[in-house]
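Structure below; questions to follow.
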Amino acid sequence: MSLVMRCRFVREAFSIDVDLSVASGRVLGITGENGSGKTTTLDMIAGLLPCTSGSIRIDNVIVDDEPTGQFVQAEHRGVATVFQGGGLLPHLSIDRNLVFGRGRTLRASTRFDDVVEAFDLRTLLARKPHELSGGQRQRASLARAFLSPSRILLLDEPTTFLDVASRGVVRRLMKQWFAIYEGTVVLVSHDPDEIDDVADGSARVRVSRGAMTEAVLSVA
Amino acid sequence: VAASCSSAPSGPTSGAGESELNVHVAASLSAVFEKLGDEFASQFPDVTIRFNFAGSSTLVTQIREGAPADVVVMADSANMDKLVSNGDVNAGDVDELARNELAILVEKGNPSAITSLDDLTRPDVRVVLCDEAQPCGRYASQMLEAERIDLTPASRELSAAAVLSRVANGEADAGIAYVTDGMLPNDNVEAVRIPSQVNVTTNYPIAKMAKPNSGDANAVEAFIALVRGPSGDEALTNAGFTLP
Amino acid sequence: MTRRLSHPRGLALIGLPAAALVILPIAAVVWRTPWSNFWSAISNETARNALTLSLRTSVIATLLALIFGTPLAWFLANSNLRGRSIVRSLVVLPMVLPPVVGGVALLFAFGRRGLVGGLLDDWFGIRLAFTETATVMAEFFVAAPFFIVVMEAAFEQVDRRVMGAARAFGAGPWRTFLTVTIPLVRPSLIAATVLTWARALGEFGATIAFAGNTPGRTQTVPLAVYSELESGNDSALALSMLMVVISVVVLVALRSRWFGALRRGGE
Amino acid sequence: MTRRLSHPRGLALIGLPAAALVILPIAAVVWRTPWSNFWSAISNETARNALTLSLRTSVIATLLALIFGTPLAWFLANSNLRGRSIVRSLVVLPMVLPPVVGGVALLFAFGRRGLVGGLLDDWFGIRLAFTETATVMAEFFVAAPFFIVVMEAAFEQVDRRVMGAARAFGAGPWRTFLTVTIPLVRPSLIAATVLTWARALGEFGATIAFAGNTPGRTQTVPLAVYSELESGNDSALALSMLMVVISVVVLVALRSRWFGALRRGGE
Amino acid sequence: MSLVMRCRFVREAFSIDVDLSVASGRVLGITGENGSGKTTTLDMIAGLLPCTSGSIRIDNVIVDDEPTGQFVQAEHRGVATVFQGGGLLPHLSIDRNLVFGRGRTLRASTRFDDVVEAFDLRTLLARKPHELSGGQRQRASLARAFLSPSRILLLDEPTTFLDVASRGVVRRLMKQWFAIYEGTVVLVSHDPDEIDDVADGSARVRVSRGAMTEAVLSVA
């Protein structure tokens, strides 16, 4: 099993209990009310927030464990993320954003060209993020995650800002990719259609709102 | 750099190898000593002479804190006395190098018609003095007190040169500084002599250090000899100093 | 191993030499200060006069830098007039001028024989030298460029879209400037203010050359300290220490109020 | 009426007095400088030595502030250790200490009879005071706090989520610091560097007290200017003007390279 | 007629021709590809960007006219905007964001309470924008526009980040409000459903991609 998470997060009045396990190669779809803790959950998996208690395991390696104090830093977790609303680095051009943290060789690879083509970014490569439209930024953010070698892929509302056609294209790309992706995917979306279409059947979760939410699920 | 200032034990011969001489000089004498330094350098090319020009009191602090020193020249005996009482200088080594006198500095042509110390008390005359902490300020106060002249200076400048500059720039109508300041290259200022029965004579003591930093005792003596010899006399008198 | 996003390891350690080089001399001066006669050194009238004068003039100079420097910095960051880069270079010059020369420059401009000082004297009978105004001007001349340079950089970093959003919701340019731009640059504004005040408080060269050294009128603490030092007087150290203590108190008070508010404010 | 989002009307005008107060004296000193003997004033050996020494030491002091001050500023902005606020206050102190006292403090610490200077001499035969190293130290002591204060404010304003995103994409803390944090604070970094360099270049009090005023070895331009002024010599102005010209050239060169790159960079 | 816009905008390689007129009380729906110029068009109406050529009139008053150089500043146009992705002021708490530019009295009004209730912001009022979830921020941005007295209302993808339930609530609120709103509404959305539901029947536009796009339409 590839992602096992059993932990609680508390921040001021807000708290969430997460209990999930997803096998490699499977796609977990999460949907839930605004403010229920979806982004927070992804941040814990990515290593941007520590669990308040409990632990997270990736490929059977403990990456966060409150009792023993173990904590694997974000850059060593092998997690790629499409952040909610983008999360591009504002001071770098799009092409440097796409290869950020990966080294020079990637930019010259055919994989790079393929992804740039697939997300229609060719003409935008030299621009800074603030010189793009909302949808263009979102496409760049998706491309960055697709280009990143990873064991876990987190997508936080990946089709926001996309036009109808791009949404279709991206959904198709996701499905194609997830079919051959060997790691674990967690997809957050408010679009039930998208979850139905992309996530594995058994893997839809609804996170409910309130002081404490429980998300027990396992996708084998 | 660090090695060159640590006291490497070198032979006390001025002929053999490099040696250096650290000379601390009151800032008001910097022009005179730079000239003498050049002359010394041409006579003793293998001795590197290093001057340190600062206010006498700063020099005292620096020497007390361990500044490498061979010869000191102060603008007053009070500061030299501090070095003596601290054991940095032997009382017997102190000599009087030059003398100076106070003068009233006024603008060229003396527009305020100042001819005596009494004129300085006129309400329309703005006077600047040196600060009490400076020799020229102490001497001026001493003189004014003796003459029972009560004057409120517009400012207590931190050096005689600053008094000169105040007068030159027209900020002050008159100032009390040294006779030598009146002889500095300045087109806007002239000096009004103060009668010698009223005037204070100041002196500039020179001494070698009790424990010179330089291993080269000959160089120390040679430098003092140059300063106190004809070359020194000429440079000092050219600058307006009188000799003891 | 701490359970949170880590910091660059050892980065803080690199800072240690800097901290040491700055802190050791402070420790040394504390060690050498004659604390036994601390009270007598700071309680005499000269010291008290110098202290109040220093505080008053440095605060005024800083306020002037705030009031006049902020608009100038904003102009430099935002205008695309031709003259901008010239103004910028000129404004920065006092920083590299040796302060004494700065004072001399002020004399040449505002002294009795100066560029405009002569007119001031002839027309209005105003003579600036040897006045408290001159002290403030000298401190401003030397310190304000620091303020302007920091604030220009800060204004350049403000997100224009946020300002646009404020405009779109009915705030005029002035209101946007005061309620959006300024709060967004607040940490830099505080840093610039602290910097400017500190520079003004420690100013020596320009003050002595332009304003003179009149106890009770233009003798600020640095001038008094210099004078004491020159008289070989230990009370120079006492006076400096007092100034240091006062500055620390002021800075800590400011920080806990302003920076506290800021931290709550977040990015 | 310009067809674009307007600026606060008159804001730039408020900046005019500041600009005037700063620019007028500069103009005055240019006017009064004896240009006829400019060349002879700056071409003698003392002047040339002072100039190269000033440039060399101020650049080294600035580089040291960059290398050691950046980590320290970052620590102050990010750490939540207890000692942080104490370190911060101490580091800022040299800004408010009158520079001469700063120099005396350095003597007390690193002089031959000083806190650690004695040990350095006894153990390693190293004597710092009255050397070029001392000049650099004095400039660093006085100027580095300016750097640290500006950079601390800059680091506080960086958006942590951007740094988090960089980490999530595989950049370690060091790499994130160097390729994300530093570029994001670049305008402030440049401002802080300019500031620090300028402060170091104009340093007088601490330098004369700690490094001495030895022509050819520790006599920087401000000290040479002081000596010239003490001898009632006009060449003081010529020398200052030369320094000013050099600074302007350097600043303009830096700006067109760095700031140009920045502006293209955008927010 | 309330909003008449006939202008061209050029920025580097991108250009768009806009020709539209919408009557008071009507709702214009705009949909179109990513990067086709929808946000740019709204920015010109709001006064954040000037037209390169042509003019814009609001309630028969010229607010932007290239030939004569007339330009009414953004704060005097009476335009309220829900910016793409939010556009809240980052340094102000939510309640101060909601009343920004409006004065104190608004906060004490029943209208304020009603809107805060409708968008479920009560517990979030004291927080700063970065302490909210994506959907919560979007709700605050909507509430700000609803609270703003305006002649023109611009909504740039107003339901992004919203969960399914909120999306329904917001759509209902929009319809209720637009029914009584006396000004002109321009709604940008990638959701054809939303446009169908909220915009006036005759008022859907598709902006097409390319060097030059033409959007001629009029909603009477």
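When the chains are written out, they are named A, B, C, D and E in that same order, and each has its own residue count from 1.
Everything that follows uses one rule, which is that contacts are C-beta pairs under 8 Å (C-beta built on N, C-alpha and C of every residue); 3 or more make two chains touch, one makes a residue touch a chain.
Because the structure is a prediction, the values reported are computed rather than measured.
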item: Touching both chain B and chain E (chains); value: C, D
item: When chain C is superposed on chain D by its C-alpha atoms, the rotation angle in degrees, nearest 5; value: 180
item: Interchain centroid distance [CA atoms averaged], chain A/chain B, Å; value: 78
item: Gap in Å, rounded to a whole number, between the CA centres of chain C and chain B; value: 35
item: Inter-centroid spacing, chain D versus chain C (mean Cα positions, whole Å); value: 14
item: Rounded Å distance, chain A centre to chain D centre (Cα mean); value: 45
item: Residue list for chain D, restricted to those that touch at least two other chains; value: 5-6, 100, 104, 108, 114, 161, 164, 167, 172-173, 226, 229, 267
item: Residues within chain E bordering two or more other chains; value: 47-48, 73-74, 130
item: Chain B: positions in contact with at least two other chains; value: 58, 61, 162, 165
item: Chain-level touch network, classified as line, ring, star, complete or other; value: other
item: Those chain pairs that satisfy the touch definition; value: A-C, A-D, A-E, B-C, B-D, C-D, C-E, D-E
item: Contact set on chain C toward chain E in their complex; value: 161-162, 164-173, 175, 180, 183-184, 265-267
item: Chain A contact footprint on chain C (complex, rising order); value: 1-6, 161
item: Chain E residues touching chain D - in the complex, by the definition given at the top; value: 47-48, 50, 64, 66, 69-71, 73-74, 130
item: Partner chain D, residues of chain B touching it in the complex; value: 1-3, 5-6, 27-28, 30-31, 34, 50-54, 58, 61-62, 64-68, 159, 161-162, 164-165, 181, 184-186
item: Chain D contact footprint on chain A (complex, rising order); value: 43, 46-48, 73-75, 79-81, 83, 87-91, 100-102, 128, 130-131, 144, 148
